[in-house]
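Before anything else, here is the set of structures, which you'll find just below.
First chain A sits with chain B, and in the next complex the same chain sits with chain C.
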Partner chain A sequence: MKLDLRIDGQVTIDMKDYVTTMIESFPKDVLLKGKVASPWTENLFKVDQKSKLLDNSKSEQFHTTTAQALLLCKRGRPDISPAVAFFTTRVKASTEENWNKLVRMMQYLHQSRDGVLTLKADNYKVLHWHVDAAFAVDPDFKSHTGGILTMGHGAILSYSRKQKLL
Partner chain B sequence: MLWTANFLKAQGYDFNSTLLKDNQSAIKLETNGRSSAGKHSSHLNIRYFFINDLKEKGHITVEYCPTDKILGDYMSKPLHGKKFNQQQNAILNLVPATAAQLMMIGYFQVGPTKK
Partner chain C sequence: MVTYSLQKGIKKFGNKGREVALSKMKQLHDLECFKPINVKDVSKSENRKAIESLLFLVEKRDGRIKARHCANRKLQRQWMDWEDVSSPTDSTESTLITSIIDAKEGRDVGTCDIPNAFVQTKMNPTDKHGDRIIMKIRGVLVDILCELYNVYNDYIVWENKGRDKVLYTHVTKALYGLLESAMLFYKKLVKDLQHYGFELNLYDPCVANKIVKGNQMTVSWHVDDLKGSHVNPNEIDLFLKWVQETYGSIAKVKSTRGKIHD
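Our next item is the complex of A and B:
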């Protein structure tokens, strides 16, 4: 991770090297299959109960990539957070359907590997917390909450997680 | 939320915290407390009115923000198309640097060209 402070009043969090490492450790044949516009489909939180469980090697790869993506989304790439929040709930019993979703996220990362997070504060001296929730979107009818802290430009803190109660 | 504001205060920066949300019923509950609780929300535990207390003490401000502009939408729903691009740009702050900024960090080679 590189922190670039050369421009006054802004910091750039660069994790390009880490993304490249993630891409290199992932099967290349699936990454180059096609172009994607976003890291997920509208069925991101839906789970197909009939989908087959992954074999051991693929399941390990799923777990490893999810753990790598978890670090990435908390540092330099908060834009993949909702996908990572879903994958972290599926590592114990990952299926072929989950794998396809992970492949899509990795294809998106492969395409946008030059993306960096730039933080900047405006002059208003206000911490803006953007909070929102989606009701009963998870398969067990639990809701999903997301929040972002910004001081003007760029997300300083962000979270995307399944609610524990409702 | 409180931790971040207190942390910045300890560093010498005094910031106001503003909570932006699109659920107007929740905003009313947080503003008026028990008096806005209706038939189905009348049994809410007193500890869930913590935000109401913080608001009264002036630690935070709660404001309405339209669904299209709230960035939390990106984190709670799988967005697509134009909305996805707009919010992703806002989150990562993908505004291209100006030529003056790029020159400052040495992006352009300035000097006589070789013949």
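Our next item is the complex of A and C:
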């Protein structure tokens, strides 16, 4: 993680080297297949119960990439957080359908590998939390909550996770 | 980077590997990280808790060979409480929030990495049960130590029906691998920072502030990596000089100035 303070008044969190490492450890043939506009679609939380389980090597790759993405989304790339929140619930029994969703996220990262998080403060004495929730969107009908903490520009802290009770 | 056990490493790198191991053990001896003791002076309880000494050879990407010494803490888990060994680290948001403040106030930033941080920290003479921390050094490492310093010859014992050559040592510095090392270094760093005039942040135990010439200086750290900021670059120079004087006796503190920090 690089902190870049070259532009007055802002700091950028640069995780480009880490993204490159992730991309290099992922099968290249699928990354170059198509262009995507976002890391996930509206079907992110929909689970096809009939989808086949992944074979061992693909399942290991799924687990590894999810763990790498988990670290990435907590630092310089919060834009992939909802996808990562879903993948972390699927690592024990990942399916072909989950794999396709992971491929989409990786294609997005590949296309936006030069992206950095820019943080600025309008007024650093006031911190803003923005929180929202979606009701019963997970496969087990649990709800999903997301939130960000900002000082005016960029998410200092962001989370996207399945609720434990509702 | 490839890691080898000492025996495999010496087999692979030959004399060069042995020399690297030799220089590492010399460094630990010179820093008085442990002192040999007579096995007769070791109590039953201390013997039961004794930890093993390990040395690995690491081949770096650029071809350099480095030795890494650590104590095997596996056994310590059985008799140490969680709260005695857990060391705090700064949260990601603390690093980001302090960086935003640095940017907003146009502060100068300096980062540094304290070399050999743990071995600069003294261990408590005994644990809460009154036992010293005993480390057993075996095999090739015993030969290396005896080759370097004759004093170790007097303390060699043979175990396992005369097959294992063992040295009993009393650990006096926070060796890498011991459960409490990170916590002891944290306490030392906090004490030193407070002595230098810093006050700990109430919400993050790895952030501290100090008012210098009417402006705030902020330090945040993750184990042995420190980030300091102040509007006046000279104050950061002075801070880094203080870090060098306090922690740079073994090797030079690696510091970074400028606008980009890793």
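Operating definition for what follows: the second predicted complex is superposed on the first by the 165 of 166 C-alpha atoms of A that agree within 3 Å, B and C clash if a C-alpha of one lies under 4 Å from a C-alpha of the other, contacts with A are read in each partner's own complex, and residues count from 1 in each chain.
Everything below uses one rule, namely that a contact is a pair of C-beta atoms (placed from the backbone, for glycine too) under 8 Å apart; a residue touches a chain by one contact, two chains touch by 3 or more.
What you are looking at is a predicted structure, and each value in this text was computed from that prediction instead of being measured.
K.L.:
State whether A:157 touches chain B only (first), chain C only (second), both chains, or neither.
P.N.:
In the superposition, A:157 touches chain B and chain C alike.
K.L.:
Quick one: name whichever of chain B and chain C touches more residues of chain A.
P.N.:
B
K.L.:
For A:53, is the partner it touches chain B (first), chain C (second), both, or none of the two (neither)?
P.N.:
So A:53 meets neither chain B nor chain C here.
K.L.:
Name the contact category of A:74: first (chain B only), second (chain C only), both, or neither.
P.N.:
In the superposition, A:74 touches chain C alone.
K.L.:
With both complexes superposed on chain A, which partner does A:2 reach: first (chain B), second (chain C), both or neither?
P.N.:
second
K.L.:
Touching A:120 in the superposition: chain B (first), chain C (second), both, neither?
P.N.:
In the superposition, A:120 touches chain B and chain C alike.
K.L.:
So, A:131: does it touch chain B (first), chain C (second), both, or neither?
P.N.:
A:131 contacts chain B only, not chain C.
K.L.:
Just chain B (first), just chain C (second), both, or neither: which does A:149 touch?
P.N.:
Both partners, chain B and chain C.
K.L.:
Do chain B and chain C land on any of the same chain A residues, and which?
P.N.:
Residues common to the chain A contacts of chain C and of chain B are 4, 6, 119-120, 149, 151, 157, listed in rising order.
K.L.:
Please give the residue numbers of chain A that touch chain B in the complex, ascending.
P.N.:
It comes out as residues 4, 6-7, 37-38, 40-45, 77-79, 81-83, 115-120, 125-134, 137, 144-151, 153-155, 157-160.
K.L.:
Provide the residue numbers of chain B that touch chain A in the complex, in ascending order.
P.N.:
Residue list for chain B touching chain A: 1, 4-5, 8, 13-23, 65, 67, 70-81, 84, 88, 90-95, 97, 101, 104-105.
K.L.:
Within the complex, which stretch of chain A touches chain C?
P.N.:
1-6, 8-11, 13, 74-75, 119-121, 124, 149, 151, 156-157
K.L.:
Spell out the part of chain C that touches chain A in their complex, as residue ranges.
P.N.:
Where chain C meets chain A, its residues are 92-93, 95-97, 99-104, 106, 109, 259-262.
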